[in-house]
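Below: a set of structures, written as structure tokens.
Across the two complexes that follow, chain A remains constant while its partner is chain B and subsequently chain C.
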Partner chain A sequence: MTRYKTLRDFPVEEYLSPGSTMCAGCGAMLVLRAFHKVLGPNVVFVNAAGCLTLLQVYPYTPNKSSWMYTAFASAPAGAQGIRDALDILMEKGRVNSFEDLKVVVVTGDGAAYDIGLQSTSGAIERGLDFYYLVYDNEAYGNTGFQKSGATPYGSATATTPPTERNPTGYTGVKKDLFEIWRSHKPPYIATVAPSHMVDMLRKIETASQFKGPKLFIAFSSCPTGWGFDPSLSVRISRLAVECGIWPLKESVYGKVRHTYIPTVLKPVEEYLRHQNRFRHLFTPRKQETAIASIQEQVNNYWLEAAKNEGFRITVAKPVTIAPP
Partner chain B sequence: MREVDMLTGNVAAAWAARIADVDYIPAYPITPQTEIIETLASWISQGLMKAKLVQLESEHSMLTAAGTASLSGARVFTATSSQGLLYGFEMLYNIAGWRAPLVLVNVSRAVAAPITLEPDHNDVLAARDSGFIQLHAEKCQEVLDLILIAYRVAEDHRVMLPVIVNMDGFYLSFTREPVYIPSKTDVEEFLPPYNPPHPFRAGRPVVKGAAVLGGHIYAYFKHNIHESLLRAGDVFKEAAAGFREVTGRFHSPVEGFLLDDAEYVLVVTNSFTSIARKAVVRLREKGVPAGLVKLVMLRPFPSSDIMEKLRGRKAVAVFDQNISPGLGGVIYNEVAAALYHVKNRPETLLSAIGGVGGKYTTVEEFEHVFHMLMHPEKTQPGKPVFLFRADELAHVQTALRLAGYTGEET
Partner chain C sequence: MLRIRFHGRGGQGVKTSSRILGRAAFSAGFFAQDFPIYGAERRGAPVTAFTRISHSPIMERGYIFNPHIVVVMDETLLADAQARPLEDLPRGGVALINSARGPIFSEDQAGHVFMRINFTDPALRIIGKPIVSVSAAAAAAKLCGLRKQHVEEAVREELSELGVRDELLEKNLMLMSETYDNTPRYSIKVDEERVGAVELVDPASGRVVYSDVFAAGNAVHRATGNWRVFRPVVDYGKCTGCKVCFIYCPDSAISLDAENKPVIDYEHCKGCLICVVECPIRAISSVREVEIFA
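Entry: the complex of A and B
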């Protein structure tokens, strides 16, 4: 039975005080706040370089819990050290079990998808008992929005600027971190989004039953990098889910289930249109082929999922245009 | 009760970790260090040692886990070599900045390219500015002793800094020598349990590794590390005195050999010291007033001990088993800086570079260095002398010839 049925069940305890250095409307902050509420105060966050690193600027902290900044590539290894130390010291009787902490890695997508992928892989393979929360804003946000392994096709970033010669922006494919993780067979993986809070709270609750790696990829709407008004942060997140761009799902010991099915997918254009990073797809001339290919990827994903899990879905039509 | 055993440097290091009652050993294999972690792993799995050993996926991760475990209150031991030390390099600065008092054994091995297995000190000296204390061993017994002393110094609340204990790959790591293993009670008397200042515990939130904005705060912390590192020099002497009480063995940051009336002195570190000693004895037999200074401590740099031991000598040579291309020997330059303010400093200060990539340095070569000190007019001041024998050059030429190299462009 879950404690979280409606938004009214959102825990009232607050562990992050307001007034940090994050941008207004930052989706990552919403996610971190929710995580902290469900996990409670006895947490040590293990962080790698990213926007949230600047939550702690000496000598101030908004956290009521502990925090360890490690290095860009090795937050999961930092978590390993803390977990192992607490375990061996409890075993040797030098730490009491009531002094124990939950160890939570929190990093951006640069650390999770790129430079820290190796250390995450190692931690999962060793069965480390920890949470990993990735706040995925699909680029290196803290350094000014350069492309990362999480950047989707068609996005403009500071290192993939759309030009005459390359009108599309980034032309690679966003890594499927969920599947990379799943190939390691950890007990629990989930995707979450700040627009779907009850879904998120339930997943954190579910995860806490498992010993071992519990991994989360959070859609993190980023007004600064993506170019939209901070007040729209939750709306953008909702559109990402409703258009099928950001599927909400979980994997328990490798078995995947979608936790929210957008029965009639909205066209991806509705999501793309609101963000400056995709503006070049619409103006000065609309790049029908690029948009159609994004739609097609989304459709294929959901048709496959519907087949595997046996649900019904109506996909949106790719905008088809005759070649010139 | 004391035991004496024939141990390799690697197994001596493992014994030190065992009798220091280390809690946690993050590990990653690399030659020539691997025997250390294999020995510890086998003891732990047989229940002979109560600790946790975890093999990470790289030295970078290994050092990260070592640092955070130490901050969580565990006594941490780890080991690496060469490429491994460099792969984890950024974490050395972090561990020192976090004030995590762990002990890292570096089994020296020259750095690629070209890739090789044998030792020189470019690996460990690259870490000289990281904030680690550095202790260098000549013998297997020193490996064990220095690790025990290292924990006491590192965990002292006046210091709170990590230590690298260095031994030469092959020359020490795989060479058996007699080693006395102190008893458990002796070690307990010398080394109190680790008492971490603010470990991660429920109900006592703490932030570690926080960012700073502004050079003034960064500089404040760096000065702090510098001051603590300087203090570590005195704390080492205190600890060494305590160590002598329980074991009868004495260690000091700088050791002299036949120094009393020595006019020509060679400064050395690590395992080649044993060969250099032989040269000194031979010269003494011929009536040459030769002597030797061994640096055990490289950080903090024991400037005042060096000044005291080298003042008034006629000529001094520094043997560097490393090379900073474009400069010369690393330790030579540090010794020169230490001597600058000495009034009656030696007139000649010669830089000799040898043993790079594990290249053997013979007694005769060390004697040759002393002969250069006796005839400084034949040397170029400030220019390093490379110890490279004619037969070694012939070997290289033979190899090239066998490979079909004629010396002409084809």
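Entry: the complex of A and C
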């Protein structure tokens, strides 16, 4: 049974005060706020360098909970230390069990996909009882939007600008962190997006039943880095899900299930064209091949998933390439 | 040498502004230097950039502590304890301020000349966005005695480098021209000899503000309402109390009253306008913000 059936069930208690220095319209804040609401007040966040690090700049913090800052690569190691300390103190009777804290690693994609990947791998392997929340804005957003392991094909970043020789921007692929994590067979992994709030609340609730690693990859629309009007933050997230770019799914001990199926996929163009980081794909000349290849990746993903899980899906046509 | 310091918020084009001014001076045959303070590049957070202009090679390096002109691209920064845009502005120095109330010219007791000019509304009218880099650069350039043709050249080059082309570039040039014309000519006379005295503050004096590291949720003491260009306004006659705006406010700036109707905290709302877009029945509208929240 879930406590979260409709948007009306969104918890009212507030654990993050206003007055942070995050950008207006930041998608990562929507995710963090929802997580805090479901997990409640007894939480300690363990953070590695990223945008949200600047939530806590002395003397101010919006958190009504605790926050520990670690080096870029070692947030899961920090989480292990806190978990062990709490366990030992409880065993010795120096901390009451009702004072116990949920240990939540919160990092950006830079730490999750690149710099802290090994320490996460270690923590999952050791079966550490913790949550990992990555707010994925698909680049190093805090330092001016350089490419990270989460940057998708076709995105312009400060370090992969479209040039005459390479007009497409980044031409590699986004690492599949979900699958990297899943190969460790942890109890719970999920992807979430702020536009699909009930789905997100339920997943956090489901995760709480498990002891061990509970890992989340959150779509985090980033008006500053992606170049769109802050008011569209939730819309962009919705489009990412409806176009099939950001699948909503979960994995329980390695078994995958999609929790929301966009039965008729919208063309990826609808998602891409609202963002400056993809603007070069549309102007001064439309890069049909690049857009078609993004569509094809999305289509293949969903056809495969539909086959595995036995659901129906209508994919969007790759854009037809006009003869020269 | 002329020293110009730019203060603004991330996303307003502070760095670009200092670059346009530097390049315009360079095109006009001067020596020039321009650079920002590098930090977390956050939309809304205070940002500072500098330009130096001189007839002879510039040997001076580093931040500008004794500016002739401070350009304040967001009036609310005047009250910001961290930005302190007027700091070390000498007698006779000009504070060029972007203000919705402009044009107003005044002087304060310390002999600072205040020129309030409205950059934001012309930018909204002409380019459709509250980006004021071009206006700020144009106004500062005129105060520095640079000619319009050099500013135009600089805007063209700087914005093209940023990938701004065609129609948008032309609009920016219109904006530049309009602001240049609306800025009065003024010859700046400051007392160059003034030496900044170092002040020692006793930590126990009460003038040093600090906070307990165990303070929880004290960010509420930092007003972020000044980040706003537009203010969301709820039409309570229409609102059904569906909570959607409450759910999608990233900054917890909306709370609910007893009937689940939203109450917007204007001291903190950053004006992202997600609530305006997400309200299913469009019961929230946006209006241009003119109030200041200290």
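Just so it is clear, the second predicted complex is superposed on the first by the 321 of 324 C-alpha atoms of A that agree within 3 Å, B and C clash if a C-alpha of one lies under 4 Å from a C-alpha of the other, contacts with A are read in each partner's own complex, and residues count from 1 in each chain.
Following the convention adopted for this analysis, contacts are C-beta pairs under 8 Å (C-beta built on N, C-alpha and C of every residue); 3 or more make two chains touch, one makes a residue touch a chain.
On a predicted model such as this, the values are computed, not experimentally measured, just so you know.
Partners chain B and chain C, once the complexes are superposed on chain A, both fit on it without clashing. In the superposition on chain A, contact is made by A:94 with chain B only, not with chain C. In the superposed model, A:230 makes contact with chain C only, not with chain B.
Within the superposed three-chain model, A:54 lies in touch with chain B and with chain C [touch as defined at top].
After overlaying the two complexes on the shared chain, residue contacts for A:168 are found with neither chain B nor chain C.
Looking at the shared chain after the overlay, A:16 reaches chain C, while chain B stays out of its contact range.
By the touch criterion defined above, A:7 lies against chain C but remains apart from chain B after alignment on the C-alpha atoms of chain A. By the touch criterion defined above, A:295 lies against neither chain B nor chain C after alignment on the C-alpha atoms of chain A.
Look at A:86: by the touch rule set out above, it reaches chain B but stays clear of chain C. Of the two partner chains placed by superposition, A:157 touches none, neither chain B nor chain C. Of all C-alpha pairs linking chain B and chain C after the chain A fit, the shortest spans 5 Å.
When the two complexes are laid over each other on chain A, chain A has residues 54, 58-59, 61, 63-65 in contact with both chain B and chain C. Chain B meets chain A in the complex at residues 23-24, 26, 50-52, 54, 56-58, 60-62, 64-74, 76, 90-91, 94, 200-203, 205-213, 217. Listed in rising order, the residues of chain A touching chain C in the complex are 7-8, 10, 12, 14-27, 29-30, 33, 51, 54-55, 58-65, 142-144, 194, 197, 223-224, 229-235, 284. Of all residues in chain A, only 41-42, 44, 46, 53-54, 56-59, 61, 63-71, 73-74, 76-82, 84-89, 91-92, 94-95, 98-101, 118-119, 121-122, 126 touch chain B in the complex they form. Contacts from chain C toward chain A in the complex involve residues 10-11, 40-45, 165, 209-211, 213, 215-224, 227, 242-244, 246-248, 250-253, 255-256, 265, 268-274, 276-278.
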